[in-house]
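The first chain written gets the first letter, and so on, giving A, B and C; residue counts start at 1 in each chain.
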Amino acid sequence: MKRLQLQRWSGSVLSAQARTGGRLQQRLYYAIRHQSTASPAAPAGNDQLVKKQPQAPSISSPHSQKSRYRLPSPPVEAARESAKLAALHARLYLPSRLPLETLARSLVHPSADPNPNFNNESLATLGHDLLTYYASEHLICSYPRLPLTVIFAAMYAYVGPKTLAAMAREWGVESVAAPGGEVDPGYLQFQRLAPGTDVNPETITGTERPHDDEPTWRKSVTSRVVYDNEYGDPVKGPVDPSELAERDAQTSQGVTVEEANASFVSAVMGSIYLHAGRPAAKRFFEQHFLSRHLNISDLFNFSQPARDLARLCARENFEAPVARIVSETGRKSRSPVFVVGIYSGQDKLGEGAGASLLEAHFRAAVAALKGWYLYNPLDVRVPSSMEEEGAAPWKPVHVDLGEVIV
Amino acid sequence: MRPSLRLLNLEVPSLQGPRALYVCSGCRQEARPRPIVARQFLRHASNADSLSERVRRKIWGTDNPPGVEDPYGGQGALERKFKNQQAQKQEQAPEPAPVEDLPLVDDSYEPATTWKGLERIGHLDRWNDAPRTEVDTYESFSLKKKIYKKGPLNLAAHQTAVEICMMHALDKPLLSICSVAEHEKPVFKMIWKCKIQPNGTWDKALEYPNQEAEKSLVYIFEQIGGQPAAPVAEEAAAEQTEEDTEALELVDFNEPVSQTPIAPFFGYQDARDPGCLTLPLTDADTKFAFLKRFSQLTGHYFPDPVIHQISTVQQAVAYVQGELKPKPKKLAEHLAENEGLQGMPNVKIFGKRRTTLHKDDEMGRKKIIEAELRARGLL
Amino acid sequence: MASCLVASKRPLLALPFFLSSPCESVVLDLRRNQSSYRRTTQRLRVKPDASFGSSLIHTQEDHIIHNPPSSAPSVYLTPSKFLPSNDVRKNLRTAPANSNNSEELPPVVRAPSEKKYHLTPSDIREIRRLRATDPMTWSRLKLAKRFECSPMFISLVCETSPQKKEIQKRVLEAVQSRWGSKRRMAREDRQLRREAWGRDQ
């Protein structure tokens, strides 16, 4: 497996200097920071002009407290002064190679500072990709038979925005009332939504899916892998650079606290990856994300488990499942209890207890199906473990038919 | 007004004229629970005694109850005061002989039932108006101003040690030295010239500069032991040793001359001999005498636990010097000096209290508030 | 008065001639019940379960006592039948399972019906014709009885007419309109409980 060239593409994320090409560059044309000293650059400047911009005005010139009010986000040198930031760094046990300035930058949401050299968008994008990659490889390798819907749900539970927001809250990250240059860089800075804004628009339009405008058409689960995001939710398609300004205008109206918190956690992941390397990022993921307990068996919901189980047994060439009464008590009473086991030949596949034979049978079939889906191979290895030094030769992970399709 | 008083007002309107107070129906209802008593009074309405008189009789259980006749009514406060003042003026005229009257048995003597109208007991004259006497002036035992510099402290320690040594040698009560608040200058110079052998005992540690000084010092200190004529003798001794001191003065020509008598130790800056520091303070009497004299000379106070810990002169001086380092008045300054805290990046020390305003500024709320205030013309 | 007191202090059994018929129940109640301390403790003295192992046999050896409480097995323990062939756990578990006989298996809930596959295409055509011509008479159940198949099969073969569906719907509505709040809530609760089965709650 080939290793990624870390330095080659992390430069665009790390350096404050703008680079030619790419999305970040295009944003610079209209998002040049207006300083008290520097006159705003012409929006239609060429690349050379942008390159000659002072590297970061807030770094070069010391700012008085007064002039900080004009900045959209706190200047870089404020990171060293903030006790909150240092405390957060220490609390998260972040590697010392990760400087406080980067942590401060990861706390700035694009809605607070549209300048991509000072906000966390690039870090959050990288961190989000890492998070979803690590989470999905962990799920797929350790539970190879999980249905796709359950994988979507589990992904959402591990690295979904709600979880990330909850983590940021557990880490003790507080958010500002309004972003600005004078705020403490230890706060999460973002533009808040105006009160009364509809947070959950019903339908998302403009996705990449063909025939997006047909609401009644069936959307297959498999197509969600292609067109939707990692949680199986519809996502907006890529935006043209020409329309980027419009999108920025939307984000400047404000974002939810949840979104800002999620972007911060992703950005921390990305900055750890950039500054401390892959092993540190992976360790961070294991310590903060995989350590959260998620009972995957609770994510299932069956409507006709007996039929599914029969299909499964037929597919796998097992004997047809037979429900047998393992034990019962109080059949003629008001509250009887039946324990029904599902047998395939001699082997018991699952067992369930219920107040009626029907319920017990249902529950036993659910248990048997969960037993199938929640198969967990021994000594699981994920593909990213091959990136370590001196890794053992790769053995393919277990793959079988998995989901029962009726 | 308490409900019970209000009840009386209701019942006795004739005493105070027309009823002026409004009583709400609730309070009137509240007053109802005692109708039996009221009726009992009403039953004897033909009696000449007023109601309050009857009540007082009932309370005290006698026909002649003590106290004011009508405690709830009668004259107003201003009227009573005016009356009292008149009475006082009348009393002031026959004032000169109230004391002489006391032993005599007076036929007109009437035991007082109340304190009213009685003369004041205690300091008969007005003590405040009396001129200040000698007794009234306060002089502090120790120095008014504490000594903080190291040199004068050593001087004080040396002087104390020499004095205590002298008292030891002369076998006089040690504490009597405290009666001499300050020596004459020549005497002090002689003391200053004395040496103390290190690690000696109190009786024999002293080393005089010469025979004459020893003689005069012994003579002076002989006088101290509590005789009333001591200051005079001391003066005489001082005169006696005048020549010596002058000679000595010539020797130490460049010594500082004290301009003002208030300056402690006559302008001497430091002790000549540090030998006194090694003297032990194990004997309880000596220790107490030394510390008492030392605190008299320096103005520092020794708490009991510290006295218990001190075992040498060195320690006593060290304690006073340790006290010398003035503690920072503010906690912030104290914390800012702490190097352990300075190295911590997650700790920030502010000179001033952090208020909601600071927090608002940190969270970016301040500019919104200010903008809103400006928009409404309040700022 | 005094005599009454004396009489009341005596045991009632000693005065049988006083007692009329309603008093007999009182006599019966005075019988000693069994809740004495000795009897209770005696009854609680139960032999330990066999799985705890006899102390006589295992006096010297160390042994593991495995006596789990009766509960449903965890779903994370994959049944050995579902384990893939290359899994080590499959071989470990199957060894003792082979000794079981089919006679020892518990009784089945419902005997699985044998599938006959006896209907021909002409039969199916007949079913469709009957269902189409007279949907009111030929319901799924009647057709299943006549052709000796399951109602499920009939629903697979043909669908009833929309008029019949509409009528059925109206009948259902008429029935449900007569339900009171209690019955309605009970039915809704039952439905909710049934949905909870699938989520394993």
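Keep in mind that, in the parts below, a residue touches a chain if its C-beta (ideal position, glycine included) is under 8 Å from a C-beta of that chain, and two chains touch if they have at least 3 such contacts.
Because the structure is predicted, anything quoted here is derived from the model rather than measured.
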Centroid comparison with chain C (C-alpha atoms), farthest chain: B
Geometric centre: closest chain by C-alpha means: A
Two chains sharing the most contacts, counting C-beta pairs only: A-C
Gap in Å, rounded to a whole number, between the CA centres of chain B and chain A: 72
Centroid distance [mean C-alpha coordinates] between chain C and chain A, Å: 44
Centre-to-centre distance between chain C and chain B (centres being mean Cα positions), rounded to whole Å: 91
Shared interface positions of chain C, touching two or more other chains: none
Chain B residues within the chain A interface of the complex: 344-348, 360-368
Touch list for chain A against partner chain B, complex: 69, 80-81, 83-84, 86-87, 89-90, 100, 174, 176-180, 182-184, 187, 189
Parts of chain C lying in touch with chain A, wherever the complex brings them together: 72-73, 75-84, 86-89, 97, 100, 102, 105-110, 112, 197-200
Touch list for chain A against partner chain C, complex: 297-298, 300-303, 305, 318, 320, 322-327, 340-341, 343-354, 357, 359, 361-363, 366-368, 370-372, 374-378, 398, 400
